[in-house]
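Below you'll find the structures, each written out as structure tokens.
Both complexes shown next keep chain A, but they swap its partner, so chain B is in the first and chain C is in the second.
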Partner chain A sequence: MKEFYLATTHETYLSLSDIMVTDEKVACTVTVDFAGLGYIHPSSSSEAGDLTVGTTLDLPLWMATLMYRRQYATIQIPPAYQEEARKILNVDPAVVDLRKECAGRFRWRFSENYYALGLYIIPFSLNDAKEIRRSLTSTFQHRFRKIMDWSNSTHRDTLTNLYNRLDRSEVQLLQMGKAEQTALSDWLDRRTKFLKASHLVKSAQSTRAQPQRTDSRKRARF
Partner chain B sequence: MRALIGPKENQASQVYYRTLWWTDVQRPSLKMYGRRATDLIRGLDRAAENSIPPYNGETVRAVCEEIKDIFEANQQDTGRLQSQADTSSHQNILHSIHFRHIAMERNKRCLVAYHYNRAERLRSIRWNLGGIIPREIRSTLSEKEVEWFNSYNTELTNYMMELDGLNLTVHQRPPKEHFIHVRVLLDYGDYETEDGETIHLKKYTRHVLPRTECEHLIRQGVLEHVHV
Partner chain C sequence: MSTGTFDPEELEFLAEETMVTIIPSARYPLFYMLGGDVGPMEPSIPVPVPLWLAVHMRQRKQCRLVVPDWLAVEPLLKLKEDENNSPVFTSMPTKHYIEISQVILESFGDEIPHSNDIRRLTKDILDLRLAKLRASVDAFIKGSNVYAKVDNITEVELCSLRNLLTRGVDQLDMLRSAGTYRAPVAAATVEDSTTLSTNPGSAVRSSRLFSSDRNTSVNS
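Moving on to the complex of A and B:
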């Protein structure tokens, strides 16, 4: 039996995707002094090498969360969850490219872990929590329709440029949808009784084939 | 300390900072803990589902070094704490200790998750391909992992022997027929079936074999199940 873990899995100690989500950077402002930690932030001016009050720096989420809990730092909501971005998503969520950089007052981007990161961000946003939550839900609802469409209509295809626009959990949803669609058509054609080679063998064979190809390319160049 | 934690950054992480980090445009990058650990996880996370990328022993060692450094720094600070009378600097040192401790916990989490997830993938090899690791995959494993695989293998075999030799790894899907048509994909050589007969598996030949015999060979990519 195959198990699926969506990339939105929250707070699972051993989950790879959760570790990747918690590595996203958020801007924090330090509210206490840290003795001898000045090297964390290269431009901090303190002579003693301390990290001083009021320094703004980007901390990974795993650090920022705990700093916030201990009231050592305040967290700024990333631009991807602020009002400007919410407006963009409000217009037509389905066409937004969640991985592309957006131009604006300064450069920012939505995240490839948009939903998962949003869930982490909500507790820090005192004023906007409701808005962010609503925006996340409605974005997902609108985009899910599209994903459902794609997974039904384009099975057995590789849609690389489609994948590049989606959030990680959305990519997983699309892949699941496509796998189910393929399984259904296999069943209808009575192909399910056939035993297949393990995907491990396939991937091992493909990695074995690759070096030869690069070798020949190199030879051609010289 | 600074020299230890701010190591010569490898190229991969630099590219990552340039492309993925929006704030990098405005502010200089940080010499933050836990970067190596995330590199470790990223490598495994980006690999195709259930495939096992080469064991990244170098980074694992670097992460362990970092943990050791953090621990020593915290030990030093704890020593300083006792000699310090001033309450405000006392507090500041405590903050730093907390900071480093969180980083240490994070590194630990990454290491555990890395090894756990690899072991999970290795386990699925035992169930899919049988007790022998294919050569391509063996080269990507660490010594300890091979050891673990072998001990898991004996445990599973012992358990199946207790069940009167019932092979749990075959018939993962309900079988429709007893005998199936197969085509040989590579020169495998002689194969001895359970009733003692020997068949010669030569490339491009076709056979009709009992399903239980060839299920493993099909999964290993030696045989192909064909439509008649």
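Moving on to the complex of A and C:
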């Protein structure tokens, strides 16, 4: 879980965060009949228990992708990436709470995996892929400044509140920035930690019959 | 935190190799060190030594320090003013200025006049430079430039946001090139789509070389 940021998680088979992203539900419309599969869509009125053409249901992204590739279903772009949401983000990306539900024609919300899911969604959005990409990019560009400022100035206790509003990858960046800033300010206040000898030096010492001091500084006699 | 890059503590260790001048109060023969010979030392004859040796001897009360010229109130005030007036990073007397001042003020603080002012001024200069760094990082992230050139920055300053910046740029690059390496595969055959999905790494790499977004951002 330590390596959460986007570049290492995307499309990595064993990455837990990637599994969580591809587990998000997207709305799909079935384009062929599936005999006997009506039960996975509870409100389906089909008596025969078939999943009929044109049924719309929520599927996890990993399954939706496979169905799309085999031309069994089409994928609807989630509301968080449609024009309405992009307009919200366009106004001021830095204040948008990516985890809160938004009221609209129907209830929807951005995602805590907003960027990662966006990367998966873009290939399916033939018409406005460019717009979604631009929106994702500019959202991140404007929120990055905030992350940088928070990592510089925020007290550790208030950070937890911030985490509830950020995308997972942003949380990861913020924690990383905070750790760096803390290391620097601790050092400036002389709360230094003890430097340890390199692993190589230690193993070289332990393989010797009689351990010698390798540090030339220690050999200077006073 | 193990990041594979330098911590401030490790940078301080490296900065302690800097030569400073001390006035020893004891007599020592020549030291043969890995970094070069040091000494011989005669009482009250100034001699250049590495900073760590100066600290070591100071702890045994065997020397006094000849404080580097730049580590005084007047030169630091000037540095601070220059830094304040300049839109870019100004050149520091040494690239380890903050480490050296930390070590010297910690070990020799009681023999340096106005040591509190000096401590405050070095901290002010660092803060000015860090603010400048954050502002330029923000401009870099928001702009469409593919690289940034920063002169005169020191390692400790980079420490303050190295991981945040590099990983942020990584993420930005992924978002910018999103979709350019995973073409919609609905029209492709199943075999095609499996070869695409089994080898995403190579597709990502080639997209970084040939991304059309990248090219447009260079031109603009």
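Definition applied: the second predicted complex is superposed on the first by the 173 of 222 C-alpha atoms of A that agree within 3 Å, B and C clash if a C-alpha of one lies under 4 Å from a C-alpha of the other, contacts with A are read in each partner's own complex, and residues count from 1 in each chain.
Everything below uses one rule, namely that a residue touches a chain if its C-beta (ideal position, glycine included) is under 8 Å from a C-beta of that chain, and two chains touch if they have at least 3 such contacts.
What you see is a predicted model, and the numbers here were worked out from it, not measured in a lab.
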{"item": "Partner chain(s) touched by A:Lys193 [first = chain B, second = chain C, both, neither]", "value": "both"}
{"item": "Touched partner set for A:Asp23, first chain B, second chain C, both or neither", "value": "first"}
{"item": "Contacts of A:Val32 with chain B and chain C, given as first, second, both or neither", "value": "first"}
{"item": "Touched partner set for A:Arg86, first chain B, second chain C, both or neither", "value": "neither"}
{"item": "Partner chain(s) touched by A:Glu180 [first = chain B, second = chain C, both, neither]", "value": "second"}
{"item": "Touched partner set for A:Arg70, first chain B, second chain C, both or neither", "value": "both"}
{"item": "First, second, both or neither for A:Leu119, with chain B first and chain C second", "value": "second"}
{"item": "Chain C-contacting residues of chain A that also contact chain B", "value": "70, 192-193, 195"}
{"item": "Touching residues on chain A, where the partner in the complex is chain B", "value": "13-17, 19-20, 23, 25, 27, 32-37, 39-43, 50, 56-60, 62-63, 66-67, 70, 72, 79, 101, 106-109, 192-205, 207-208"}
{"item": "Chain C partner contacts - residues on chain A that touch it in the complex", "value": "5-7, 10-11, 68-71, 115, 118-119, 122-124, 126, 129, 133, 136-137, 140-142, 144-145, 147-149, 151-152, 169, 172-173, 176-177, 179-181, 183-184, 187-188, 190, 192-193, 195, 216-217, 220, 222"}
{"item": "In the complex with chain A, residue positions of chain C that touch it", "value": "1, 7-10, 12-13, 31, 33-34, 52-53, 56-57, 60, 62, 102, 106, 123, 126, 134, 137-138, 141-142, 156, 159-164, 167-168, 170-176, 178-179, 182-186, 188, 190, 193, 200, 204, 213"}
{"item": "List of chain B residues in touch with chain A within their complex", "value": "1-2, 5-6, 21-23, 25-32, 34, 38, 41-42, 44-45, 48-51, 77, 88-89, 91-93, 95-96, 98-99, 102-103, 106, 109-110, 112-113, 116-117, 124-125, 128-129, 134, 136-137, 173, 176-177, 180, 211, 215, 218-221, 224-225, 227"}
